[in-house]
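Inspection log for the structure reproduced underneath, given as C-alpha cells.
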C-alpha cells in the first residue's frame, strides 16, 4: 500500500512541478529566474510579462487565427466525416468496405511523409499564408480518424432504423440529418474534442504554410517567441500560459468528454 | 451536451464563413487603398526582431518625407528567414526591399535571379567600399550589406584592468591570461554551445589555422578535406578549451541567455558570440566595459588575422517587384549618415555606411576594428551548402561531447562527401 | 433491398478534399522521389532509383536518424506502456481521489507540443534547469547531467518527455479496458484461493490484451510523429544525436532544398511504418482488436 501511494505521489509531483514552475516563472523577471529558478522572489511576483507580451505581440490576432482555423476545421471535418460514415454504413457491402479502407488508410500515414509535395501543392494553389489553405489541409488530414470513429459508432446503431425510414419514403438526407446525426451525438462530441485538441495544438502545417505574422496560429507564434526571446523563459512561459488557457478551461468544464474524446481517437467509436 | 455541440458546430460554420469573407474583403481593401489614396505600399522584410522599434521610427520619418509611400515591415525569426525567404520573394508581392545573409543564402538568391542590379545607383557611394564587396557577383552590386558585425568573443575590459591582464598576442600569452582568470575563480569563456556558440566561435578559432580564405570552397569541390590539419587543429583547439576549463562546464547544453548572464554577473570574462551582444550585455549590467578579444591559438609570428568581420543584413531589391523606384528611395534613405547613425546607436551595431557617428562607448571603443585591424570575412558564410555547414558544426559539437578530433573530423568529412557530388 | 445511387453523393465533398490534399500529395511523393527536384526551379530531371540508393548506401545521417528513431520508439513503447499499465491498476477504482488523479495525469495530453518543449527545455537546462537543481538539493548532485547537450543521452531525455506528455492518455485506455473485465471472474478466482499475481496473470493480462495492442500500436505511431517536440527542443542536435526520420526529411527539404531526395526518404519512411505495424499485428494477432 505504501509503495503504491508513494508511486502515485511521485508521478503526481512529476506532473505538477513542471506545470507550477511555468506559472511561477511567468510572474518573475529574467534576472530573478537566473538568481533563483525555483524560489519565489522576495520582492514579490509581477504581471509585467503578460502586459509586455500583449504590447509587443499581436496576441489577439494569433488567438483569432487559431480559433478560426480550429473551429472551422473541426466542424467541417465532423460534417464531412459523418456523411462518409453514414454512406459506408448505409451501403453495408463490399463497396462500403473498400471506401472505408480508402478513407482510413490516411491514419497510417504520418503527415511528415507527404509534407514535401503537400507544400508545393499548396504553394501552387496560392494557398500559403491563408487560413483557408490551413483549414482545407487540416480537414483532409483528420478526415480519416473522423471516418474511423464515426463509422465504428454508426455500425452499432440498429439497422432497422435505416430500413424503416427508407420504407417510409424518407430520403437519405432526411435519415442522415433527422435520425442518424441526433443518435450519433455522443460519438460526434467525443470526436469533436479529439479533433479540437489536435487542430488547436498543431504545429507542422502552420510551420509549412504560414510565414506572414497576420496568419500565424498560436503554436507557430510560440515557436517564434523562441527565436525572438531566445531562452527568455519568463516570456516564453507567459506565451505558453496564454496559448493553453482555452484548452485548460475547456478541460476543467468538459473533462469527461475530453477523456472520452481523446481516447476514442485511439480506441473505437 | 446536445445544445453544446449544436452551438459549437454553428460557431464553427460562422467562423468559416467569416474567415472566407474577411480574406476576400482584405484583398478588396488593399486594392481600394492603393487606387484611392495612391500611396504605394512597399513591403520590407528582414530578420532583425531586435531592431523593430528603431526601424519603426526610421520608417515613420521616411513616410513623412515621402507621403506617397507606405512601408509595410515584416520581421521573421532568423532561422525561418534563412529557410523561407527565397519562397517568399518568388512572386514579387512580398519583399520589394528585402535583406539577405551573405554566403549560402546570397548564392541561392543569386541563382534564383532575385536581385536587382544596383551597380549604377548613386547611394552605393554612401557605403564603405571594402565591406560591400560581399554583395557583389559577376561585377555587379546585387546587394549592399548594411551592418558590420564582429563575430568573435566579447570581453570584460574592466575585469582585465583590475586583474592587470593584457590582451594576449600569442597562444602562450592567451594561456597565461586564462590561467590568471582560473586562479581568480573566473570562467574564462562563456560558450553557448546549445545554440550559436559553435557557429560563431568556429570562425575566430579557425582563422589562423586555415589561412586560405578559399578553404571551404575547396572543401565543397572536393579538393580539401576536414581531416586535414587546418580543421583537425581547429577541433583540437576546441577540445583543449573544453577539457582545460577555458569554457564553462556543460558548455554544450548552455544557451545564449545563460552565457550572457554569466558574463553580466562577472562569473565569466568573455562571451563567445560577437559584437552584436555588447548592447544587450550593457543592458544586463550597465557597469561593464567591453571590448573584443578573439582566441589566439598560434604563436605570435603566425598570427595573420586578428579577428573576424561579417558584412551582413544585405539590402536588396526584388527583381520581381513592380515598385523598384520607391524601393531605391528607401535604401537611399537608409544610407544617409544621420539615419544610419540613428540606426547604429539605437541598435548598438556598426554599419558599413560612411560617416556614421557612433555615440556609445562600446561602439566607439571597437570602431578601430573597422579601420586598424586585419580581420577576415566570416569563413562560415563561405560555405554554400547547408548540409556541409551542418556537418562542420556537427564535428565541433562532437568534439565538445568528448569525441576525438580525428574521429569527429572523419565522420564530418564523410557527411560532406555524401553531400557534395 | 435496393440502395439508391444517391448515397454516393455523401462521399463527394470529403472525397474531393481528401483526394486533393492527401491522396494526390502522397502519390506525388512517390513521383518526386524519382527526380532531383530542388523545390524551386521549374524543371528537374528523372534520376531513377538514385535517391533510394543514396538513402540506403550513401547517407550516414539518414542511417543515424533511423537508429535514433528506433531507440526513441522502443524506449517510449516500453516505459509509456509500463507506466500507464501500473498506474491504471493502482487507480482503477472509481473513487473521488482516483478520479482527480487520473484527470491530473491526463492533463499534459491537452498541451501543445511546443508548450511541452519549452517546459522541458527549462527542466533540462544544465545551468538553471530545475532537474539539476533538484538533484543537487536532494544531495545526489553526482546524478546531474547535461540532459540535452550530451549526445549520448539526449534522445532518452526526449523520450522521457514524450512519456510525460502521453502516458496519461494511455493510462485512461487501460482503465477503460480494466473496467470492461467482469468482476465475477475475480470473485470466482478468489474463491478458489488465487493469489494476486495469479489474478493478474490469468485474468487481467489476457483480458487486457486488446487495450495493450491499441496502446502499443498508437505509441509507435506517435513516436514516429514526435516531430514537433524534437523540432522545438533540440532541432536534431547535438551532432545529429536526436535527428529522427521526420526531422531529417524537413531538413533535407527545407534547409538543403533537396525535395526529390526528401521525397525518397519519405517513401522509405512510409515503408518502415507499414513494416513495423505489420509486425506488431502479426505478433499481437491473438489479441482481437476491439472495434
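As written, the chain order gives the labels A, B and C, with residue 1 at the start of each chain.
Following the convention adopted for this analysis, a contact is a pair of C-beta atoms (placed from the backbone, for glycine too) under 8 Å apart; a residue touches a chain by one contact, two chains touch by 3 or more.
For each chain, UniProt lists the protein as follows: A = Carbohydrate ABC transporter membrane protein 2, CUT1 family; B = Carbohydrate ABC transporter substrate-binding protein, CUT1 family; C = Carbohydrate ABC transporter membrane protein 1, CUT1 family.
Since we're looking at a predicted model, the values are computed, not measured.
Q: Identify the chain pair with more contacting C-beta pairs: A-C or B-C.
A: A-C
Q: Among the chains, which has its CA centre at the largest distance from chain C's?
A: B
Q: How many angstrom lie between the CA centroids of chain B and chain C, rounded to a whole number?
A: Here the centre of chain C sits 36 Å away from the centre of chain B.
Q: For chain A and chain C, let me know how many angstrom lie between their CA-based centres, rounded off.
A: The computed centroid separation for chain A versus chain C comes out at 17 Å.
Q: Scan chain B for residues touching two or more other chains and write them down.
A: 84, 87, 255, 258, in rising order.
Q: Do you know which chain A residues sit against two or more other chains?
A: Only 34, 226, 231 qualify.
Q: What positions in chain C touch 2 or more of the other chains?
A: 125, 128
Q: Which residues of chain A touch chain B in their complex?
A: 30-31, 34, 67-68, 71-72, 74-76, 78-79, 123, 128, 130-132, 135, 182, 185-186, 188-189, 192, 211-213, 224, 226-228, 230-232, 257
Q: Applying the document's contact rule, which stretches of chain A touch chain C when the two form their complex?
A: 4, 7-8, 11-12, 14-19, 21-22, 25, 33-34, 37-38, 80-81, 83-84, 86-87, 90-91, 99, 103, 106, 108-121, 136-137, 139-141, 143-144, 147, 152, 163, 166, 171-172, 176, 197, 200-201, 203-204, 218-219, 222-223, 226, 231, 233, 236-237, 240, 243-244, 247-248, 251, 255, 258-259, 262-263, 266-269
Q: Using the touch definition from the top, list the residues of chain C that touch chain B in their complex.
A: 40, 54, 58-61, 124-128, 146-152, 237-241, 251-252, 254-257
Q: Once bound in the complex, which stretches of chain B touch chain A?
A: 1-2, 4-5, 8-9, 11-13, 15-16, 18-20, 23, 49, 74-80, 84, 87-88, 94, 195, 255-258, 261, 284
Q: In the complex, go through chain B and note every residue touching chain C.
A: 83-84, 86-87, 90, 108, 112, 193-194, 249-255, 258, 385-387, 390, 394-395, 397-398, 400-401, 411, 414-415, 418-419
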